[in-house]
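The structure appears below as structure tokens.
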């Protein structure tokens, strides 16, 4: 049952990745793309957690954790760049 | 041992010259004359045994691997040459004492002259052809300096360069030739080579060796067509011309021909090359000499002509001819050196060397005139002087030597023409100078010089007269011995006499004198004819050739090294593809048999994302911000691949490096153009895409080929097995990094540290110079929001710093056993810190910094190094790790490892390096905006403060 | 059936192709992106050299015999760090050069020069 | 017990996947950025959250250790997601304002935020932080610096 | 005490984080967590000046639970809108929410709460810090929405941040 | 543990470099002092190592006490010892020169970068592990980036961008090669790889070859071989000449790596393309010398050409040629170094700005410079009595029976002439020809003649190299023999031959 659920969930997330990719390329505004990238990262976090369940291992957990933290920094940096051009001032 | 001293003496003298620089010229002359005097005495003492056929020799190993030995030997040929060098050298030094003007650097001149003397002596005495080569090249070098002594004049410089180019080039050919000769003979020892003539001439390499050696000899001896450099070398002071370009250096080529005669001479090729070159040179140079007006040019070309004569004689390949050559060598040295000094005196006294401006000097300077007349007569081959004797013998040889297989009149006729021209220019010299009409005035009032100037040539003239009168007594022993040494056998009968009877030689001689006189008589029309010939000027050809060569070199260099990075990279990529393909194609390839993993749909989607990301980045690369967003896709997909494919450490590292790189690129992009114009056309893009596709295909193929074959017992099995038991950790990747291959990691953090230092060094001066101007004039190229530090972000960053630090410490501590480690921890902490910089600004964050980043890098590297060294006191090699398990009350069991200390060093370096690099980079833009009024508040909007401020203001009154 | 090996190999190829293409651009910024892409490709390549495995992270446990080759992973980690340092340097250098010369053309040629082909003498 | 837990776990997994998909669907479908912002920031939060809770339940019930560290990811996401949304919104508002001011883009589909009236209580010189005070709002911030 | 424990709340949070990260409860781990929870804030303190006083306790816990509950509900609501509501039927609106809380931390928590809960995103703050600009995806009555937010979240936050 | 001495040439510069970093706020003289002392120390250590290894088998040092091939080993053999001595000599001369001329004051962190550069070079010479070699290449490269850019300016920065980029791509190729080699052999230890490569299944051999050739390409890039030599002239001509002097060793690191890997692991197959490439590079290098309008170009192209000469000898891959090549390597490194240092002196002392080959009015020190230039030119052009002549003779003699022998001979001889003409033209223009503009006022300060000390010392070294050519060629001969007797190396690293891990 869990295996089936995982398959469904992985399919959903895969599809979600495609959708975010669509928005990423479509834009139209730069903010849209940043948002899409941020969503992409969050989807990947979900994916990593699902993979952890699938493979019954916890060693990937830190990757998800780090991605959560680092994805945020990237998103903020891109946005800050759009706002000011200078991300550290 | 005295041979060594003999060779070294001039060099020692040369080295002494700077020491006596401050002393008077006389003392300098004495010092400079010393080596020649001592050397001559030495030669004198060994003369009897040498003339008796003994060959004193000395041999010591120098470079055994090469066969280059310090091997010196004196046979009669060498003795003769050495004596000429030292004897004439002595006279030249004496002459120079009075010749050089006070403003010339006398000591330097003498030092160079002695250097040259030593080099020449070395040629004469070398018993090893490689050693001979060394001295040979030294003569080129020292003569370069001597010719260029008057280096403020263009002719001096050009002449020196030309001489160096021609003789240097010939010298290189000679190197080739002699090395080849040595290889053929199996030894570089002269004695061995001379003994193996038959073997040498039988070798298939003989022609190559011969041609190369002849190139060396002919260039040195200014043989046609390399004759052109010698007259231009006459830009040198006259003593140099007299010494180098008449008596010694130019004879080095002839000497070498004689020296190697037993090994090389006798073949048809030898005859064809050497005799022909000599003959042509003799005639052509004599013709040129007749039509020159500069005294030294006349003498120079006459020298070339006489060298041609010597070359021709050696080329005949018969012992008798060789013997005549030796005899003429002596005679020529005597009269030609005398004539050069004579011309020098005339120049010195009258201020001109143009024969057309001179005449009738006999009355004004009788001693000079007498000496000049006698020497010129000897040069013309008039009896009863030495020159006559050798000329007669030469004509004799010519008469019965078949030329190019025929016993015709071609050779004698040509030689007679040459001899006639020789008579003509000799007579022109003495007539034009000392007789003829005296011009109305000279640039200076001429009179005989002091004895210092005329005595040396007088001695030489005396020599030529005495040789002419008493040839048997004076020269027979020497010439015979030298000829024997030259030919390596016994010398033929040597019977120089003023009267041989009515021989063909005499007839030829008479014809030559008659023709010569007629030519002088009809000189004007001849000169006109000559001038109208517009013969190619060899010097101009040379210069044009050189200029052409340089132009070609420049065109080649500019075309190849055009400074285009794109070309460099394209070539590098192409070379990599080609070499990789070559390596693969060279042997049959077997496809792998390892079972493959099925790809889940998710993997295919990730793959498509990657593909889309790559294409997107390539397509929008000119829209830089966009391309930066797109490249993040790749990072995410690669991280995901690492997760899926069992590489958690890689995923962690990739994820954290990724974001720092993005920050870095964004910081840089701020000051760079955001959307510049395209520079490449479609053709270029297609070409680059093609290279890319081929390269990508190649590496993809290689990756697939490796992945699909079973691994061949990799060494990592040991790492797996020993990770826990030997390294104290279960995360094998981490144990590999901090233990098995800690040395790699040590290098890696050093790289990171240096990168940061280099970035710091690079950016420090950015506010100066053109960069500073540009920064100060910089305008933001995009509309900017007025908000510097959004409040929510600033608040979140404050909370995240301790949280992330905690996570960093956790990742650090677990790294040895689970994914993590110092590097990732360092990055996590750095990212948290960078968040502060982004959220609250550079100033605010820098003020709160505790440790200087340089110090952090230094400490990090030092800690890692000290950890590595820590094992030494325990008798273990560097970087040997240690771990143990401890139990503490409350805490329980825990593990301590030296690798942890090492990892602390790693983490410190990472934090220091990342912070230093990004801080400095962000600081560049800070400088561009320095004076913009904005406070260093950590957030723009702080309602608490905004509310407090008016309240405080109200309190004040 | 598409194999993981094929996907990874072709991904390496695609990344390399993109990296090469970008590295051959005439301005420093895309060249830097190209180098970054190239180092992704190289890291993946080095990693792939250890052969692919799913669900076998190289965390040692007694008796565990299925593990992915840890050594290439260690090598990739070193390579990542080094290429990060290098990337940082080249980014800064590109910026610094742009500030000094006013152009980001890779040969330092001013932007006004006729566009088309930037290689070679004008 | 176990089947029941498994049902919950399976439900959570599917829920997580579904919310990830819905969030991204919103991202792709909704007409403008401010609308799109609602989708992912919420839906993916629960999407990941669902997966994480599923993992928390899964590991201890399937022979592995007790697991709570998934909460950490949730914590981080809850801290960061609003900030990301805030920054993206700011960037968007800034972009739209610039475009509108330059006339390079059609009028925004939403009332331009910089014209958003503030309640009377606000002082006259007050505006939204992204645009600054009203009097400086109309000019893009490209003042030359030295 | 203040110098050793500049921010006891943070220390607690860090200890929790450490224990979560460790993913196992051991006494040794707790000791380490405590030590780090004390040390880390000492080092990061300069980067967080002027910290507000926060009441940890029931109100905070209640608030957290409330928000989590709201988030779950929000997600379903928004999912419904995304999936089934036609674009033209949506009633988006900008809200300017006047603020009574004044510490930056409190405003940030409020804004975050608004963003995490149904149909609203905090987009900006006014330059005087007294208004929050919020975008609502679908709201028939903006004024009621403002009132709801103030009553449901801001009031509670004012109890926690004082 | 006396064998720890093997690691000392790596450790000393680390400590020295770090120390200059920690003292950076103090006076720079401390940095210079540390740097020079470190170089002197390195020389002493290298000399000890050379004495220790001369005539004996290679000696391995297992870092971390992990047995080879599993850990990283350092290997001391005669080649490594020779390269260490050479590096230390050059390093000492350059560090003294930079301290005397004040180059270290023209920017930040000069001494730290310099020490790390030495660290990278020494590490490359000592390591017995292929990936570790990569790491040390990166260390020396990144340090070289910093050094190359030291002092900055538009020209240097632009050239620096190219230098860095081309080497970054080179490093990528290096990694691809390493990947392939590990992928097929399963090892990184060079000795072990040698054993395994010999027993590799035929089907894997193509990948091994590809890896080997790519490795040669990377080393060829470092050694500046056609067609990947284009970076060198601009880089070396743009950087500070004293830095370029130190860089003279870097091309030799490439040459060293070719020698090491080809003789130990891959065999002489690479000679098929190395030799033609080297010959063509020689022509380009010396043509560039002839074309040079600038002293720095002259020296840079000279270095290109002379390094290519060295590689041509190496590419013959036989013992005699290697004997010649190693001797020539010593010579050409020092000669190129001294040429660059001299260029620095000329640029610094003479009265006109820049490094153009133009006549100048008389200035103080002109004659002294002229004399030094003449001697340097003799050394560089390979004329007697300095060592280059013996080097070229050795190469010619060794090449006589080689494939392409006529080409080698012809090109070696013709390029020598090109070098002589180029140097003669430059020298006579610089020191003989006088500018017509008024002489430099006597008030102009005389140059500090002490600055010439390293140049003079290096020239003396070239003379010594010639005078002691006997013992030195005996050493290079022994070294060449050791290189081609690879079993000794393998045994030293892996223990008895059967302890190898080859399947």
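Worth a mention:
We call the chains A, B, C, D, E and F, going by the order they appear; numbering starts again at 1 in every chain.
By our rule, a contact is a pair of C-beta atoms (placed from the backbone, for glycine too) under 8 Å apart; a residue touches a chain by one contact, two chains touch by 3 or more.
Bear in mind that the values here come from a model prediction, so they are computed numbers and not experimental data.
Chain closest to the overall centre, judged by the mean of its C-alpha atoms against the mean of all protein C-alpha atoms: F.
Comparing the centres of all chains, each the average of its CA atoms, the largest separation from subunit D belongs to B. Set against one another, A-C and C-F show the most C-beta pairs in contact at C-F. Rounded to whole angstrom units, the spacing between the C-alpha centres of subunit C and subunit D is 32.
Distance between chain centres (mean CA atoms), subunit B to subunit C: 38 Å. Mean C-alpha position of subunit B lies 67 Å from that of subunit D. A separation of 14 Å divides the Cα centre of subunit D from that of subunit E.
Across the assembly, subunit D contributes 23, 25, 37, 45, 65, 67, 69, 72, 76, 79-83, 86-87, 89-90, 94, 129-130, 132 as residues in contact with two or more other chains. With touch defined as above, residues shared between interfaces to two or more other chains in subunit E number as follows: 17, 21-23, 111-112, 122, 125-128, 130. Subunit B has residues 558, 563, 565, 567, 569, 573, 628, 644, 648, 669, 699, 702, 706, 711, 714-716, 719, 740-741, 744, 748, 751, 754-755, 758, 762, 769-770, 780, 784-785, 787, 791-793, 796, 799-800, 803, 807, 818-819, 929, 940-941 in contact with two or more other chains. Within the complex, the subunit A residues that touch subunit C are 55, 57, 59.
Residue ranges on subunit F touching subunit C, taken from their complex, read 131, 135, 138, 142, 145, 149, 152-155, 157-158, 160-162, 164-165, 168-169, 171-172, 175-176, 178-180, 182-183, 188. Contact residues of subunit D toward subunit B in the complex are 72, 76, 79-80, 82-83, 86-87, 90, 94, 98, 101, 129-132, 136, 140-146. On the side of subunit E, the complex with subunit B involves touching residues 10, 13-14, 17-18, 21-22, 26-28, 31-32, 36-37, 40-41, 43-44, 46-50, 99, 102-105, 107-108, 111-112, 122, 125-130. Looking at the complex, you find that subunit D touches subunit E at residues 19, 22-23, 25-26, 29-31, 34-35, 37-39, 41-43, 45-46, 65-69, 71-72, 75, 78-79, 81-83, 85-86, 89-90, 93, 110-111, 113, 116-119, 121-123, 125-130, 132-133.
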